[in-house]
Amino acid sequence: MRNDGRSNDELRFVRMEKDYIKHAEGSVLVTVGDTKVICTASIEDRVPHFMRNQGKGWITAEYSMLPRATEQRTVREASRGKVTGRTMEIQRLIGRALRSVVDLPKMGERTLWIDCDVIQADGGTRTASITGAFVAMVLAFVGLIEAKTIKKMPVKDFLAATSVGIDNSEGPILDLNYAEDANANVDMNIVMTGSGEFVELQGTGEEATFSYAELQSLLKLGSKGVGELIELQKEVLGEWAKLINEAEDEK
Amino acid sequence: MRNDGRSNDELRFVRMEKDYIKHAEGSVLVTVGDTKVICTASIEDRVPHFMRNQGKGWITAEYSMLPRATEQRTVREASRGKVTGRTMEIQRLIGRALRSVVDLPKMGERTLWIDCDVIQADGGTRTASITGAFVAMVLAFVGLIEAKTIKKMPVKDFLAATSVGIDNSEGPILDLNYAEDANANVDMNIVMTGSGEFVELQGTGEEATFSYAELQSLLKLGSKGVGELIELQKEVLGEWAKLINEAEDEK
Amino acid sequence: MRNDGRSNDELRFVRMEKDYIKHAEGSVLVTVGDTKVICTASIEDRVPHFMRNQGKGWITAEYSMLPRATEQRTVREASRGKVTGRTMEIQRLIGRALRSVVDLPKMGERTLWIDCDVIQADGGTRTASITGAFVAMVLAFVGLIEAKTIKKMPVKDFLAATSVGIDNSEGPILDLNYAEDANANVDMNIVMTGSGEFVELQGTGEEATFSYAELQSLLKLGSKGVGELIELQKEVLGEWAKLINEAEDEK
Amino acid sequence: MRNDGRSNDELRFVRMEKDYIKHAEGSVLVTVGDTKVICTASIEDRVPHFMRNQGKGWITAEYSMLPRATEQRTVREASRGKVTGRTMEIQRLIGRALRSVVDLPKMGERTLWIDCDVIQADGGTRTASITGAFVAMVLAFVGLIEAKTIKKMPVKDFLAATSVGIDNSEGPILDLNYAEDANANVDMNIVMTGSGEFVELQGTGEEATFSYAELQSLLKLGSKGVGELIELQKEVLGEWAKLINEAEDEK
Amino acid sequence: MRNDGRSNDELRFVRMEKDYIKHAEGSVLVTVGDTKVICTASIEDRVPHFMRNQGKGWITAEYSMLPRATEQRTVREASRGKVTGRTMEIQRLIGRALRSVVDLPKMGERTLWIDCDVIQADGGTRTASITGAFVAMVLAFVGLIEAKTIKKMPVKDFLAATSVGIDNSEGPILDLNYAEDANANVDMNIVMTGSGEFVELQGTGEEATFSYAELQSLLKLGSKGVGELIELQKEVLGEWAKLINEAEDEK
Amino acid sequence: MRNDGRSNDELRFVRMEKDYIKHAEGSVLVTVGDTKVICTASIEDRVPHFMRNQGKGWITAEYSMLPRATEQRTVREASRGKVTGRTMEIQRLIGRALRSVVDLPKMGERTLWIDCDVIQADGGTRTASITGAFVAMVLAFVGLIEAKTIKKMPVKDFLAATSVGIDNSEGPILDLNYAEDANANVDMNIVMTGSGEFVELQGTGEEATFSYAELQSLLKLGSKGVGELIELQKEVLGEWAKLINEAEDEK
């Protein structure tokens, strides 16, 4: 039995509370078990220097944890004067993942800033961030459509992420909490689209390895989990979810 | 009339939600109008180098805003690699204010880390931080008492803070929201104790000055506001509030 | 008796030596007891980015101490690669104080850089900096008037600063030296104008509090001290002091 | 046809020149096509703080590119004062990969520092770094064995890495050079052991996605490539390669 | 006898391998004994801000050592987040030395970036860098001439550098290796031109001094060494060496 | 004629005002023409990590310029968060020069911190710093002798520095002011001892070269200048100057 009584292919309780921050163009408080992340999407009316005059937009992400999101207080990155490697890796992952389902030219020469701030951490913060940031992003684009700044939803497909891993006693399991993650031999983050394609696959055997057969089991679990998360995103987005299906049809 | 319909000596709606973050020894989500701050208190079992072997504790505070706490997205301090002057000033203020009502030797050689993270800002974030941090601090000490790590509540008196200012048309007003703050000629932060003593007084005429008579009006308003905030702190703390009164009596 | 024989409402010996640095548009070596600060004012023919095209000027200040200005050698901020919170707080205070008595549009789109470098410290360095920087600023503007770059003195009123505090045995005292400052329960910096208005009031009870009655005594002492400092500024400026009175009359 | 005439499942020319740097405990100049990386392994007789007194060793890696390793000169990380996110990600990957095949307790309380410095870049620098660093690491351990500092080879299995990707016209291809990498929709780095297990799998669709079927083709190509690289490592190590097989047998 | 059997006025074995890095406009691997430095020259089609619109070019240099170029691994400057004083001193020296023999207006408004990366160090890395960088620079200019971007070789004279020093037992010696350098009382770097003029002279008695007579011996040895290095540069450059002589004649 | 009427071998007016800063163990305000530098010497009762348990002391120097020491205001190094290459070069030079005339074991395991802060600059700030720092250092050691902390003066010889250069029209000149320095083709800093030995020689032809004959003229001028500076140091030190001669005799 898993430490919180779930079956091996079961997600934790997930909730996405939209418009959580009043100033942001799009925002979501995403809860996955005891992991809680505030995701905001901000629109800036210009692109970074290296993207100028290409007639397309850009999406970039930043990620951080409040010092006491963790069991032990973590030193603030602002205080140590630099961002850790782990944070950079996660920021790059979130940005890349979101860009993979967006038609950048349809955004116009704008930057979408995604901020994922973990206020409470219990494993899976990077995948929860992607799942929540997707919704915040769609909400920001809905705002642009309603303001008639852009004509069509630039988002081509749904996108969500979860983690899978191999537990010593349980074998392959879905959506690891912190205690499970600390114990697992293999840890894999899977980012997939609504149409079941892969966007990112990051599997790591920390001081361990994994076989081809184990990989197949992990992929199957991940695919199931992402599918369920996307159903929740559709519920949260309601009518607006259709804008994405329309964008897809057009492809 | 003020922009949100309040009378000049009226606080905004205030709420303090305790135990908001599961990992922290003490935590509060403090809401003052549209300003929301997560305050956590963390206990570390040692003091900074310059305090060692003096038989007393230390209290230090850090303050930050999520990038999208503000109307316009603010660049993350971790990204720019350094903490701004404004942040440093606020951190120093919060720490100093809390230390003024704590009997440091009673804490033992421990550090209390206060983290105030503004998740939504609408003026008065530093004073809301102090008011909320006080409660988080008391909760952390209650934990130490319950664990029999320390014997008595080291907190000697209640402490809360608010802002007052002089509005061009309204004159002296209490608890400025962001729009009021941006318009005010004079802005003053007042930190006071439960027994009505001053702890900090920071009055500033940004490109303006203020008279002795105006100062007296501001002090009166501030005193009223802090009194009401302390009543709310007592409600939130319930039975534990008495531990502070007892500590006071003993003095 | 105070440790240097002064009465409780007595300033230390004060001197302001003008044109101390040959390259600067305005400069003063200000001496307050054993505290010595070189204040320079530099004119730059543009304003910072956020101020452009608003038809007004800007005043900004930097403050530093030589490593051996202090009893114990202090590590250079350039060596540690960042400015301390204390320095930032002081820099912001000096800039804000000076701006409060300047008619920024009359400066034209220029920046006035104030540099206050403490070469010897014995308490009250931030208030001595403000008092000296005011004179350096006026001298720089006199230069602009003489060069017919601007027409009128943009300075509307005199400005000086001093510290007051509550000593354990002496009670309220004026212009604390370092030893007094280290002993005082309460420390307040007061910045006032020639017409007796307040510009900044920063009162702090480090691990202590102060009553309303004590506050009134401190304000009275501070007001006396600032009045005397402004008399000295007028002497140093000689004929040029009248330019400020004229600017005031015009108001 | 691929831009350099290779078939889709063909590696570039690979060479590993051992003992390239006279001071290092182990060193290799690894050449993969036009990509050239100096890999050194340095032994330090202590472990980082967080690893002390656990009776095992640690392996950490640093990666950098000379400014003119690239087509356009890249700004030096030392000059910009911080390491980029890309570099951090690669450093973490190399360290993690190497640790997965090492029996850390057998190293004793030592740190193995791996430095991978790219002197010429033409795609695949991170995978070439892993392949070369593995050999440098083994050479350093051989030195410890010959000096009788440790008894047995702590390396449990061979390890090499390559990249695979999906080209618009060619479909899945092995070992992408820079031009191919810039064109590919999907890019995957595969790190595997001598016994055919996975250690790391990092697949990314930059502004694209990939299907389950495509993933299977990529895994097959990667597995073939890594197998060939490990054969080359065995040749370079000669007799010493057997020490690893022995370590394996013992498992 | 010197530790490697050389006579006191004998250089170590010197080799310059040109076009070592395929991407660079000019490149050389320079070997002086066991010291090996990759020198590249990169052309950028603009000059730094402070040089704009002056109708002339600029030459700037960066220098670094791979962490394991040294006997003991050196911490990477990128990791510590700043360049050491030693590195800055060397970078400034290399740039200044090269600029002294270049007719900057003939370069046009371009920047020549010189990168000297020491891959193995055994004393004299800064002088080897200058000697090698000179050749890389000439090769880059040859490229500009061949592309008809500039008309004439902007290099007016040859330039090379070596070190001399005073050994406790041997007296004045030429081209010190690391062990000799660590033992020498006096260490002098000499940069000279093909016509025997001095460009830089940096003599230092670390915890020692040197007499006028000793200085004369050092100058003589240095002059001999530089002369031999320039002969080697001429061999390496072959026909292109004449472009420099022609530039000289024209003067 | 030189721009200030001096003959080619004439120093500017030089003054050294001792005990300028009350807190420092040794201090001097050195004036050379319009160049003014505050030099302080601070004693710390331990040595840096790399010097421990060797039974000898260490001398280290820091150098800085006030922002408005220069014609145009210079950005503060603390504000830009790093020390420039020029500053590092000068700091290293001052420390090295002073160490060359000190018998480090006689200091005991102490560090002497030299701080040279330029309050007004008109050329020759690094050489004025060395000349003044020497006196501040001697004063600090006199204090240690008088306190009977050490027995003998650890300073073995006098030390002073000046600059020489080659002016286009005047030829070789001594002690260049800023305008002369900006015009000179060749600039050389010479540090010498009381017994006429060289300690440092740093000659640079910025975009120029110099001949052997010119070098000899420069050395002669520098030798004359340093001799005169040392006479002034002896006057300033008075009786204490003899402590250095005695130290010398003993050698």
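Letters A, B, C, D, E and F mark the chains in the order given here, with residues in each chain numbered from 1 onward.
Basically, a residue touches a chain if its C-beta (ideal position, glycine included) is under 8 Å from a C-beta of that chain, and two chains touch if they have at least 3 such contacts.
This one's a predicted model, so the numbers in the text were calculated from it and none came from an experiment.
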Neighbouring chains shared between chain A and chain B, ordered by label: none
Separation of chain A from chain D in touching-chain steps, minimised, is 1
Farthest from chain C in C-alpha centre terms, which chain would that be? D
Repeat of interface A-B, chosen from A-D, C-F or E-F - more than half of residue-number contact pairs shared: C-F
Matching the CA atoms of chain B with those of chain F requires turning by an angle in degrees, to the nearest 5, of 120
Comparing centres built from CA atoms, which chain ends up most distant from chain E? B
For chain B paired with chain D, centre-to-centre distance based on mean C-alpha positions, whole Å: 52
Could you put a whole-Å number on the gap between the CA centroids of chain D and chain E? 34
Which chain F residues sit where two or more other chains touch them? 81-83
Looking at which chains touch which, would you call it a line, ring, star, complete or other? ring
If you start at chain B and step next to chain C, which chains follow, in turn, all the way round the ring? B, C, F, E, D, A
Considering only the defined contacts, which chain B positions touch chain A in the complex? 21-24, 27, 34, 38, 40, 42, 44, 62, 64, 66-71, 73, 76-79, 81-83, 87, 113, 115, 117, 119-121
Where on chain D is chain A touching in the complex? 82-86, 88-89, 91-92, 96, 99-101, 104, 157, 188, 193, 196-212, 215, 219
